[in-house]
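In the two assemblies presented below, chain A is common to both, partnered first by chain B and then by chain C.
Moving on, here comes the complex of A and B:
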C-alpha cells in the first residue's frame, strides 16, 4: 500500500511539473477541507460525534478525505472546523497526518462563527491562505480520484481564457438508479459539451419536470447537453478569486456566474470513485462500496491510516477480520463483512453485508444483514438487525428485532424482547427545541434525558432522518403522461425537511448577496440574476421567494443598528435600502398573490419585532409610494379576518389605521375621478 | 413493397409570394428543372418505382417530367386549404404499407437509406431527416438592409448517439423556461439539446400512424402537430395501462378516448417476425438486460446530416441559395444532360463560367459574360451583357450592354438596352426601360413596387 501510494503521489506531482517545463516550479498544491456540513442530516448521531469523524468501515470519514488529498499530490491542507472542532483536532493530531513524515501538512482553522461554506471561503480570502489554484472538499468525501488531469485542464483553461474560469467541479458518471445516487443530492446539469462549461446546475429534489431558463440557449453555444447521469463528488478545483468575490456561485451556478464574467467548468470521471456522504443513505451505500473494494486502494486491509489497531486480513467473499476476533461455533460470515479488532461473536450467528467495529460483543444466534455497528456495541442473543446503524456503546438486549432503517445513537440501551418498527431513531439527546422541522418527535415517548446508562424500554422516536432507500427507488417506475400526484408517492417526511433547511440556507445566501450588493454597489439587474440562480439552485418557489426577500430586506437594517433598536432609526436606515432595491421587488412581485405574500412577510416581521411596530405604517407607505405594493392589496390584507390575536393587535396600531384610512379615501377619490 | 412514397406538392409557397404568384411552387425552375423533379429524382435514385404525388390539377397539366417511375397523381381542389396531415388523410385508402412522406421543396443529396435504415433497425414509429441550417450567405432581393425577422427556433433533444429523438419544442410554445420531463432523463440521462437544425420534412412513418391520423381529425399538420405528438408519446404510458381500479362507467368512457390514443393503433407483428428481436443478440441500448428495443412502443429517430446538400426551397433567399448549389448536385448525379444544353447558341464559349447552366434554344451574343448563373430555355441575350449570380427563367430577352447582378428574372421579362440591375426580383412579363437602373427592388405585377 505504502509503495503504491507514494508512486501515485510521485506521478501526480511529476505530471503537474511536466506540463510547464520552462517556468518555475508551480507552488505547492493546497487544499481547503471543510470539516463541517452546516446541516443536520446526521442528527442525532452528529450530536455525539462530528460528521467528519463518523466511522466508515471503522475509519473516520475525514481520514478518507485526507488520504484522497494526499494521494492526489496536495502538500498543504487547511482544515476548517466548527462543530466539535476540538474533537476533530484531537483526532487528527493523533493520526499520521500530523507526523513529521507526512507529505501533506495539515493546518487547522477553527471558528464557531461559520454558518455556511460561504463564510469559510470569505475567511480563506480574509486570511489569504491560498496562493494558487486549490482543491476544495468537505470532510465527508470518499474518493480515489487522481485530480491531476482535471487540474491540468483547469490550469490550461485559466491560461487560455485569462482567468474567466474560476472553478472546475468534479463529477462521477453514474446512471440513474445507481445505488450511490441519493435523491436528496440528485442533480441535473446543463453543460456546453464543446468546452465542458457548466451552464446550469439544479438539484432535482423529486421534481417531475426540470426547468431550464431560456437564457441558456440564447448564446452561441451550439450543443447544450443536459446530463442526469452525474454524481457530484463535492470536490472542486478553485481559483483564488473564487473566495474573494463570488463565493456564492458554489451553491448557485448558473446565470450569475456567467454575467459576472466567470465560468465554471466540469470534469467527469468514469473509472474512478468519488462520493460525498450527505446522509445515512449515502453512508450505507459508500460503506458497502468500500467493503466491496470499489474505492481501491482505499480498502480496509490496506490500513492507509497506519493505525496499529486497524490491521485486517482479507479473505474471499470480501471478509475482513481484525486482530483477536473470535468467532463462535457455527457462526457464518457470508459475504462483505468487516470485523474490527477485539470483537467476540457467539455461536450460530449469520452475518452478511455488515461492518462491526472494535471490541463489540455479539451473542448467539444473532442475525445481522446490512448492519453498521460502531465500537463497543453489545448485542445479546437472538437479535435480528437489518440495514441499521448502531452507534458506539449501544446495548441491544435479547430477542430485539430491528426492522430496516433504524438508528440507535450512542449509549442507547434497547430491549429485551421488542421489535423496532421500520425507521425508528433512538437517541439520548432530546430533540432540540429550536428545531421546528423535527416536530414529529413526540414528547410522551419517554426519552430519557439523563446521560447515565439507563434502561430504555421501547423508546421510539420516529425521526426525519432515516434510511429509506427502497421507497425512493421504486417510485420512478410508474411514470405517466397524466402525472400522478406527488404526494401519494412520498409517504414519509423526508422530502419536507431538507426543503425547510434549504429555505433557511437560501435566506442566508440572499442576505449575503444583498450585503455584497450594498458594499460593492452592484446593480439591481445583476442582483436579480444572482438571486434567480440561487432560486434555481435551491428550488425555491415564487411565493417563498417573495417572503424570503421581504424578510431579508426588512431585517437588513437590524444588523447595522445592532443594539439601539428604535423605530425612528430603523426606518431611516431602511428607507434608502428600499429605494435602492425597488427594481428587485418589482421583478418578483407580479401577481396579486405575490403582493399578499410580501405583506404577510412584512406582518410577520413586525410581529416578531414589537418595538418597531410603530413604523409599519411608514414602511407600508414607502412600499406604496415606490409602487411596489398596490393599494387594493394592502386594503385587502388589512381586512383579512382570520388573523391571529397578535395580528389584530397590529392592525389596531393608530398610524396604520390612519394610513389605511388615507388609502381608502384616496381610492374613493380616484374612482370618483374615473367616473367623471 | 416496404414503403409507399408520398410527395406533398400542393402547398402554395406562402413564404415567397413574389415568386409563386406567377409560377406555382412545384414548378419553380431550379437549375432549369421544376422543383418537384428533385424529390422525385431522390426517390428514383433510391429505387422507388411508384410515387403518389398530391398536387393541384393545374400543376399537373403544366408539369413535364422525365421519370421512369409510375406517378400516381392525387388532386386537391384549389379552394380547400388542406394541411399536410389532411392531405395524408385524404389518400389514406391508397396507403397499404409504411410511408415515406416528403415535401416537394426538398433538394438533397442525402443517402435515403440512412433515414430508412434507422427506421428499420429500431422498428421505429418515425424517422426523419434534419440538417444543420446554414446562414444564407446573401440576402434576398428587396431585403438588403432590412432586419431579418427573428425566427422561432426549434429545440431538438437527441440522445448520446445523436439518433434517438427525445424532445422537440418550438420557442413559440415556451415561456421563459425549457421544461424536460424527468422520466425522459431517467431513461436517457444524457440529452443533447440542439438548436439551429432544419427539418427537411422527410418522414418515414408506420402505417398505423396513418390509421391514427384518420381517426384524429383535429391534426392538420405533420410538422407542427403530428411529429411533436409522436415525440411526446414516446415516454408516456398507454391509457389502456393506466386504467386500473376505475369503476365501470369511467372505464367505458376511457375506452372511447383510448381509441384516439396512438398506442391502440400499434399492431402486433405477424407471428413469424415477432420473436425475431428477442432472439437476436443485438440491442439498441446497453447497461441493462431489457428488451432488444428500448422500452416504449413509440420510438422516434432522426438522421442529422453532417455534410452534403440539403435545403428546402420555401423562401426567396433559399430559392437563390438552392440555385447556387444545384449545378454541383447535378454534376454529382452524373446526368447525361450537360450543363449547357446542346441546342444553345453561344458565340463566346469562353465567357460562360463552368458553374453556369444554360437551357435549350437560348441565344447568347458576343462578348457576353455569364458567371455563377442559371439561364432558362428560349432566352435571347444580346451582346456585351454581363450576368453574375443571376437566375434567369425562360424566354427572357436581355438587350445589349445590360449589367445584371444577383437578380432573379422571371419568365418572358424584357430588359432593354443598357439597364443596370442589382439585387432585384423582376416578375414575369415585366419590361424594364432603356438604361433603367434598379438596386435592391422587387418589381412584380402591375408596376407595383414593394417598399424597400
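Moving on, here comes the complex of A and C:
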C-alpha cells in the first residue's frame, strides 16, 4: 500500500533517464529514512506516538534526522512509515519539509506490512526508488554530520574495486563510559586500518571476553585494528545493491554481519555529533547533549524547523526560554533548561537539566532535575521529579515524588501524596502478553483514580528494562576495555551454547523455506532473499550457512522417500532438486573455502547415511556438472589426509575413485591443451 | 505570466538557501562576503519582487530582512545591509518626490517641532524608482569591494618603524593592514593564538610569509607581554551603537590588558560592521557553538558531569578602545553615534 506519488515518480525518473543517455549529471543524492524502529524499546510511550515523533528538546526526532539529511545535501528523501504512518505524514506535511522551497523533497512510502528493515530495503528495490548511492538512516538519528567526505570515499572505493564495497557505516569516536554510549549498542570492531574495511562487528552485550575468528589475523591484511571506542551512528551510505542482492540488515537487534563476500567499510568522525536514540537512556543523553549545544547548529534557539511556536532565546548557563513563559517569584532556572512556549511556572521552583514542553502548568515549590516534560503537563505544588519522562497531558498532583527513571505515559494522572519507586512505568495501555507480566501494582490506595479508565500499572521489571542501568553492566564498564581477549582459545560457554541452538533452528527454518519453495514453486531469487534474511536473523556465519544449506538439500529427498532408503531412488529424487536450486548454491559458494565447506557438509551427510554412500560420486558429478563445485577443490578435498577412518573408507568407494580419476584426467587434458 | 511566477519561486528558494546557510554557520563566514550576498539577494528581491510603491517595497525588504537576521542574530552584517538598502530606498524616493537633499538628514529640533509629526507615507508610485534603487545598490556593492583596501591605505599613519604590534586571532582586515605597512616599514607582530579555535596560527603563517617578524603566543601570556607592546591592532565582528565591540572571544582580556598598560587599542573595521544595536542580554548577539573544541566529545565519562561552554564572541566596552579605523578614516568610539545616523535612518534601527 505504497503512496502512489512516489511509485509514479520513480518510474517517471527512470523513463527520463532512458531518453537522454548521453548527459550524465551527478544524480541527486537520495536518502531512505525509516521512520519505524521495528522494536518496542519505547513502549508504552510509542503506543500513543510513533517514535519518530517523540519530542527531543521540543522538536520531533524525525525533524532532526531530516535536517541532518538536508544539511548534508540530500535532495530527495523517501520516508518509510509503518506504525502510525498517518500521524507521521501529517506532521511532515505541516513542517517546512513539504513547502515548495524545501531543497529536500520528501516522499512517503507507507505500508503496514513492514516488519523489519529488510522489508523496507526490499521494497526500495522493488519500486526501484534509488538510482545510485544513498544514505540510509532511521527516523531517530540526531546528527550534525556532514557525510560528503564519507560519500566521496565511498564512491572512490566503488570505482576502484568494482562495486565490491556495498556500504559505508559511519561511526563516531567516543571512549568507553561516555554517557552517549548506549549499553545495547556497545560494539567491538575489527577493521583493516589501511582500507577502513570492517572485518568484524560484534556487540559487547556486557561480555568481558570476545572471540575473533582467527582468519581475521591470518589473511593478507597487514594492520588489523580492534576498536572499542566507536559509537555506531546508524547512518550508512549504501549502494543500490544493498537492497537488491544482499540486504545487509540493520535489523532491530542491529547485528551488522558481513555480507557474502562483499565488503563493508567505515568512516570515523571525531568532530561532529551523531547519535541514534535507541532507548530512553539514550533519549536522556541526547536531549541533554542538544541542550548543551553539542549538536550545534541544531540548537533550540536556531529554530531550524522554522516553526513560529519554537522560537527560543538562549541565555547564560544554557537556559532557553520560549515566548510567553512566566516564571514565579523565587523560582530558579539553574542550568541546562529549556522551557516551551506558554508555560507557566509557580514560585520557589528549582529547575535544572530539564526540558519542559509547551503550555505546561507547574505549581509552587517544585523540584525538577533531569525531567523531560512534554506538552500540556500539569504539575501541582511540592512535586519532586528526577530523571524521568512525563508525556503529553499528564497530571501530577501534590506532593508526588518521582524517583529516577520513571515514565508516565500520556494522560496519566498520579497522586496526590505518593512516591513512585525507581523505574516505574505508568501507562493507560496494559502491557501486552509478550511483555513479562510481573505486575507489581503500586498500591491503588495512594493513587487517585478519578477516571475509571485510568489503569495504573507499575511494572518495575519493564521499567528497569527501559531505563535502569543493570548493575552488572555498570560494574563491567571500567574493565571491559582492558579485557579484550582476541582470538582466545578458551571456550566461551555463554556465547557458544546459544549459537548451536541457533544453527539448529536456522536449519529447520531453511528446510521449511525450501519445502515451501518446492511446493509453491517459488523462484530461486526469492528463496535466496528469504534465506538471507534468516541468516541475519540468526546471525549465522557464511561457512555455517554453507554447511546447513548443503545438508538440508541433501536431506531433502529423504523426507519424501520416507524410510525407503535406496541410493538409486535417492539420487533420482535429488537430481531435479539440485538442478532447480543451482542458483541458490551459486549465490553462496563464491570463494574456494566455500567450496570446501560445501564438500565437508556433503561428506558429513554421506557418513551419516551409510546406505547412500554409493551415490556420492553421482552427487559430486552433478555438482561438478552444474558448475557449483570446481574440480580443483574436489581434488583438493579428496586428497585431504587428516580425516577420520570413516572418511577414508568413503574415499575408497570405487565409484568415487573413478570419478576422481576422471577428474584428474580431465584436468591433465586441459592443462595439456594449454601447453599446446 | 508564468515567467514571473517561476522567478518568484526561484527567488524564495534563494532566500531559503541563504537563510539556511546563515543558520548553519558552521564555517565562519567572512563578513564582507555575507554583506555582498545580502545585498545581491536584496537587489534580486527589488528587481523581481511584487511591489507598486516605495512603502510596499520597504515592507517587503523589512519582512525578508527580519527573517534573515533572525536566522543568525550574531551575523549583524545582514541586518546592517538591510538597513542600508532601506535608507537607499528612502533617499531615492525622496529625490523623486522632489525633496531637497538637506532635509532628509537629521532634522533640527526646531524643524521636528514645527513639522508636527508628519511622516512620509511613501505611497506615490514612481516607475523609475526600481531602476534608481538598483543603481544605488550597485554603487553600494562597489563601495563594499574597496573597503579593505581603503583601511589598509591608512596603515602607514599608524604603524611606525621598529614598533611592536599585538593582535589576536585572524582578521582579514588586520592582515591587509599589517601587510600594507610592512611594505615600507620594519616592525614586529605578536599574535595571540585565540584558543580554542586558534585562528591566530593562521594569521601568523600568513604574516610571516610576507617577511613580517611574527611571534605566536598563548592567550594567557597577553598581560605579561603587553608591557613591551606599542600598539594593539585588532579586527572585530560588529561595532555596536555605543562604540562597543562584539569581537572574537579573548579580545576583552586583550583590551583590559592594553588599558592597564595604557597601550593604544586600534580597531580596524569597515563601515558595514557598524550596527545600530545596543548590547543587552535578550538580543543574544552572543553565539555559543559546540563545546567540542574545548573538551572533545571523545573525553568519555567526564562529560556527563560537567558543563562545557564555548562562546565565540566577547563584548568589549567602548571605554577600552582608543580608535576605530574604517574605510572612511579614523574615529573615536564616542563619534560612532554620528556615523550611525549617517548610515542608517533612525526609523530603521529596529527592523
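Following the convention adopted for this analysis, the second predicted complex is superposed on the first by the 401 of 676 C-alpha atoms of A that agree within 3 Å, B and C clash if a C-alpha of one lies under 4 Å from a C-alpha of the other, contacts with A are read in each partner's own complex, and residues count from 1 in each chain.
Please note the rule applied: a residue touches a chain if its C-beta (ideal position, glycine included) is under 8 Å from a C-beta of that chain, and two chains touch if they have at least 3 such contacts.
If you're wondering where the values come from, they're calculated on a predicted model, not measured in any experiment.
Superimposing the complexes on chain A yields a three-chain arrangement in which chain B and chain C fit side by side.
Within the superposed three-chain model, A:175 lies in touch with chain B and with chain C [touch as defined at top]. After overlaying the two complexes on the shared chain, residue contacts for A:127 are found with neither chain B nor chain C. Number of chain A residues touched is higher for C, counting chain B against chain C. Shared-chain residue A:273: touches chain C; no touch with chain B.
In the overlay built on the shared chain, the residue A:149 is in contact with neither chain B nor chain C. Residue contacts after overlaying the shared chain place A:229 against chain B and chain C alike.
In the superposition on chain A, A:159 contacts neither chain B nor chain C. In the superposition on chain A, A:101 makes contact with chain C only, not with chain B.
In the superposition on chain A, A:579 makes contact with neither chain B nor chain C. Note on the superposed arrangement: chain B and chain C approach each other to a least C-alpha distance of 5 Å. Applying the stated touch rule to the two superposed structures, the overlap between the chain B and chain C interfaces on chain A comprises residues 175-177, 229.
Interface residues of chain B, counted against chain A in their complex, comprise 153, 155, 157, 171, 174, 176-183, 185-186, 189-196, 232-233, 235-237, 242, 287. In the complex of the two chains, the chain A residues touching chain C come out as 70-71, 100-103, 144, 146, 172-179, 229, 270-271, 273, 285, 292-297, 299, 301-304, 311, 313-318, 335-336. Those residues of chain A that touch chain B in the shared complex are 175-177, 188, 190, 193, 204, 207-214, 216-217, 222-229, 476, 478-482. Residues of chain C that touch chain A in their complex: 9, 12-13, 15-17, 20, 23-26, 70, 281-282, 284, 288-292, 296-301, 303-304, 307-310.
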